[in-house]
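After this come two complexes, each holding chain A, first together with chain B and then together with chain C.
Moving on to the complex of A and B:
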């Protein structure tokens, strides 16, 4: 059951802190067994998937609402699952070396594994709601990982920014999922995949498209939402290598691939995606060339690569899908590896500023080898898988109209700049003459060099030695799953002399030229960007400032601390809610029928009235509170006379307790003995009180006067003894028939108790009036609960 | 407020009220009563004891912090809904079992009973913590 396999990283996350405490960073080797086990589990699916099948598994969750814990394994999700678990294996080991001796390594491992589980759940989900839940879980775990060094302001800001941008995008996407689910009549992707035509022809297609895109574009850091990804580099390098290159940021691209048969290949899709992706590609590469921090350079090229992927998916057609799939896989290998290389250099040499590093090849030969393997693939040079991907990109856009040529031009510019960045990262720190780095440098330990080396070799081998194997098991099934139809896939390293090869040659030549003059380009881009002086990152801060300012103004307007004002507002709205329907629908009772009253009944009513009058006329607050108690007791008597002993019982107790508590409040807080009000506020308050009273009375009379619907009462009377073994209907309703309501009520009681306790402990003078109101609120809740 | 008469009678009165509140709690399924009402009675009892003899003795007598008692009650009420899930019926459905103590005596145990005890604890805990906090003269 794949649903359980997805949960294993979460279980491992629970034990990670203990394990790290016991055996230190060696725990990484044990924890890496989890992704290894997952890879082993996934191996069983390769063959059926390669033969064109797909596997569906489902557990009911809320079947009435179409929400299930269901999973779909096909070419797309299986390849992603392998990438997540496979790269995750090396990342876990790498993290053990990178954060060796860090006091919070246990917490780090736990969150990293939880992220792995969320990501696997995301790609394997069949149900859209399940997918959404895992999607948001990746946002939350990513937040925790970016903010790992939570005592640094920059980390906290980056974490919050990532959470806000991806979280908001996810919420908008949820609306899109709901819309797609409603149009398509199911939340299961396996069913929706065949209903693309229905959804695309629906009038609401456009809205659904934009809502889903909001999720994909924010998660995959498309312009103008890209700034969170660059800032996320505040995280420790294993996080950047895993989340922000190989896996999480690809979730948006994954979503686009998943939804390709559902929403794709429409004019809207083929307009929006190439524009957004193309702009992101150009912006990303320009920012990458400008930077000198190697980690940030890689982060910006990641943004650019994501843009390239979105652009290719927007081009549409099987050729473009093939290109996107190849590039996605190639990118996961080389970018994950290069990030780890930069982390190792940073770890061992003490800086990742590319201007301060040179000649490290003799000190770190293995790292240098891994760097060149990754960079060669990133440059798109043969015989690496990156070359296959780039050829495929050029091939798919080089035989069409002006639109395809524009896209080809953008792709070439982007690839040229990425070539230059990759070349500088592989060459500048390692070749050239020796410069003393800030730390005494030596080769990284096995834990740090294993991951980048293996990923670099895989990037080489999958194109050179095992291309056939990769093609039948991963590339072809994934391409078919994205396209949603049968596709002929035939990949070769040498495709003959064609236009794509020519474009590749241009790319390489221009790339070398840019690399040689990269300082000039850097200064040029820097000048332009400084001249603009504003970016989405600044815009984010401004938006947050605006939001907090607005929140402050709004809160000060609504919650100015005056209890009297709160009560007035509350009761004005109550009165309106009661009186407006009465006026509009003319609910005034025509003729009132006064029941014959016995003498003692009149007596109780008299006590009740006197109590109320006394509350209004009372000179001191204490008298008013006690008089309110008299009135309440009279109400309890009324309940008693009309056969509601439970209610009456509760009312007695509540009255007693509230008089005690209110009197205690009065003695504890130095309130004025008397409640002085200006004549104006007496008029206002009394008219509000009268309107609420009249409204409530008319409303109750209207409900009870013509006839009272007793079906519920009869149901409870008939079934309470036979079904719930109780003769006290009120109690049976409370603890059995409507127990969930009661659970809610006691939660409110508990929270009210906690808040009153907090208010009393505050001891600020301003809290006096609030305690009175909290006690009142508690009284109302308790009474309501017992009803 | 703490006169000699009140101080003398308060412990007895409090014990009686607490016992009565438990009676009300347990008999509530068939007679008027239940966790809410019982909890209110017990809360008044502790509030009275606090007024008469001071907050310290009450806190010592109930040993736990009242808000922890309320929290435990909440947990108990929430957990009492779980056995029904094992039976395959919705959360919080009443599950009953009647163990025979002897040939004639049969005990009626049920999840609603534990739910009601949870309600009782929440009401007692919340109200007592408010009352005691207010009574404290620090």
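Moving on to the complex of A and C:
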């Protein structure tokens, strides 16, 4: 069951910290068994997939909403799964060597494995919603890995930037998924793949296209969302090699490939993708040539490569798909390896600035070999798989109209610059005159050189020795899965002399020239970019600044610390909540009935009214206390008159106590004769108060109009004597039927009493000013005494 | 009958909201006390009003047998009266203590928790 296989890295992630605590960095070898096991599991799928089948597995999750934990294994997802698990195997080992002795190695391994699981889930998902969940999990684990060094601000910024850009892109993509799901009538990719025509002819196709593209372009760092990927190089090198070159950033390209039969080969698709991809390719390569930090150079070429892949997917036709597939696989091998090489050099020599490294070949021969293997593939030289990919790219765009020729031109320029960067990285640090690096340099340990060497050799072997095997088992099934139809795939290292070979020759010649004059190009590009002086990276900072500024201003507006404003806002909304429904539903009662009152009733209501008004108008403490007592007593009388003697007694008692406490406390305060309100405030406050009051009155009149459901009251009246053996129904409710409520009430009173006691007993701390002045006084006194 | 009390409740709310909107702490406290009574009367009125017939079962009988005042709101209010008294006593003492500590009963000047100076926005990440 592939769904369980996907979960194994998560389980391993739970145990990783414990394992690292027990046996230190050697745990890497044990943890690497997880991807090895996954590879072993995936081997079983190779044969059925190569024979043109596909495997579907499903567990229901929320079937009524069309959401299932379902998986689809076909050529595309299987090849990706192998890349993730296979490269992951070497990365886990490499990470053990790279972060040897790091106090947080356990955390690192745990997150790395969790990422592996998320990425596998992403590529193998059949259900779009499951895919989205895994997609966001890769964003989150990437955030945690970029911010691994969370003590540094640059790290935190990079992590946050990556999360915001890819996370927002993912959310937009979710909307796109929903749209595709609604149009296609299913969230299962296996069903949607055959419904491409329905979706492409739908009126909402354009919207769905852009929404899905938002996810793909942000994840795969296309211009103008590319800045997060360069900043993600703040992460430790194993992360850069794994997430930010070989796997996660390819999720966007994966999505484009997955959706190729669903959304692809339309005029919109074939316009947008080449433009976005082409611009990304050029921008990425220019930025790569400009930089001198080898890791950043590789990062920018990764952006460029992703641009190249997007561009190729937008060309249209199976030739271009074949080119994209080959390049994607080749890129995973050589870029993952080269990143590890740079990390090893950084780790052993103490710098990754290409200008400070030279002549390391004697000290680090194996690393130098691995670097040249990777770089040769990246340069697209035979007999590496990179050559195959580049030939295929040129072949697919070299026999058409001006559009294809433009794409070919962009591809050649991009490849020339990438050639120069790859050559710099393989040659500059290793060949030439020996320069003392910042650290005493020596060859990296097995853990560090194993990965890059094996990946470099695979890049060589898969084109030279096992091309047939790779083609039938991986290349061809993947190409067919992307194209969504039968494709004749026939790959050869030597395809005869043709136009593509000519373009390759031009690329190599120009690449060598650029490499020789790379200083000049670097200065030139640097001048141009400095002259522009603004980029999406800076824009991100500005956007975040604007956001926090707006947040601050808005918070200050709503919560400016003025109690009166809070109260006003609260009561304005209370009044609105009362008055708007009254107005909208026309709840004003027609004619109000005011029956004759008995004389004493009228008297009590009159006293009550006067008491309330007098409380508001009171200018001295005494008037306030007395009027408060008057209205309270009048309420007690109201209770008495209308059949609530219990309430009346309680009210009398509470009112008396209140007045006593109030008198005690009020003697400490002075009641200002004037309420400190401006005339304007008086108008505003009284209108708010009046609105609330009127609202309450109308509301109460309204709810007393219709028939009252008395079932509950009747229940209590009927059973209080027979069941609870009490004749005072109110008391029975309190102490019997609702005894627990009363217990709660007593608790509240008790806690309030304790708090009052604590507040009174608590000694007020002397204010700081006071103590300072007191200390000074004491000091002067002592000084005087000393004199 | 209820309409009279509805008007009184409206008056209660008007008066207490007006007092609560004051910047003088002691007026706000009185507003809290008024609000308690206003709410109690609101519940009382909402349960309908009956004159002078307390919800008590005559001695020797098992059921009421005649129209009585609605006992349910009364039970609720009885709880509410006590709780609002506890609350009132607590806020009174709290106000008294804060007056002692801060030295003012003007809410515009009680800015310990939210100082007047501009809040510092985070400059980095």
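Quick note on the criterion: the second predicted complex is superposed on the first by the 558 of 787 C-alpha atoms of A that agree within 3 Å, B and C clash if a C-alpha of one lies under 4 Å from a C-alpha of the other, contacts with A are read in each partner's own complex, and residues count from 1 in each chain.
The criterion applied here is as follows: a contact is a pair of C-beta atoms (placed from the backbone, for glycine too) under 8 Å apart; a residue touches a chain by one contact, two chains touch by 3 or more.
A quick note: this is a predicted structure, and the numbers were derived from the prediction, not measured.
Once the two complexes are laid over each other on the shared chain, residue contacts for A:645 go to chain B and to chain C alike.
Of the two partner chains, chain B is the only one touched by A:724; chain C is not. With both structures placed on the common chain, the touch criterion links A:157 to chain C but leaves chain B unconnected.
Shared-chain residue A:492: touches no atom of chain B or chain C. Once chain A of one complex is fitted onto chain A of the other, the partner contacts of A:743 are limited to chain B, with no touch recorded for chain C. In the superposed pair of complexes, A:660 makes contact with chain B only, with no contact to chain C. Once the two complexes are overlaid on the shared chain, A:697 sits against chain C while remaining clear of chain B.
Using the contact criterion defined above for the overlaid structures, shared-chain residue A:399 touches neither chain B nor chain C, since it reaches no partner. Once chain A of one complex is fitted onto chain A of the other, the partner contacts of A:442 are absent, as it touches neither chain B nor chain C.
Of the two partners chain B and chain C, more chain A residues are in touch with C.
The intersection of chain A residues touching chain B with those touching chain C, taken from the two complexes, comprises 645-646, 650, 654, 657, 661, 665, 668, 727-728, 730, 734, 742, 749, 752-753, 756, 760.
On the side of chain A, the complex with chain C involves touching residues 153, 156-157, 160, 544, 548-549, 552, 555-556, 559-564, 567-568, 571, 592-595, 597, 605, 608-609, 612-613, 615-616, 624, 628, 631-632, 635, 638-639, 641-647, 650-651, 654, 657-658, 661-662, 665-666, 668-669, 671-672, 675-677, 685-686, 688-690, 692-694, 696-697, 700-701, 703-704, 708, 710, 712-713, 716-718, 720-722, 727-730, 733-734, 738, 741-742, 745, 748-749, 752-753, 755-756, 759-760, 762, 764-765, 767.
Of all residues in chain A, those touching chain B in their complex are 645-646, 649-650, 653-654, 656-657, 660-661, 664-665, 668, 724-728, 730-732, 734-736, 739-740, 742-743, 746-747, 749-750, 752-754, 756-757, 760-761, 771, 775, 778, 782, 785-786. Remark: chain B residues 28-37, 40-41, 43-44, 47, 51, 67, 70-71, 73-74, 77-78, 81, 91-94, 96, 108, 110, 112-113, 115-116, 118-119, 122-123, 125-127, 129-131, 133-135, 137 touch chain A in the complex.
Residue ranges of chain C in contact with chain A, taken from their complex: 1-15, 17-27, 30, 33-34, 37-38, 40-42, 44-59, 61-64, 68-72, 74-75, 77-79, 81-83, 85-90, 92-97, 99-101, 105-108, 110-111, 113-116, 118-119, 121-122, 124-125.
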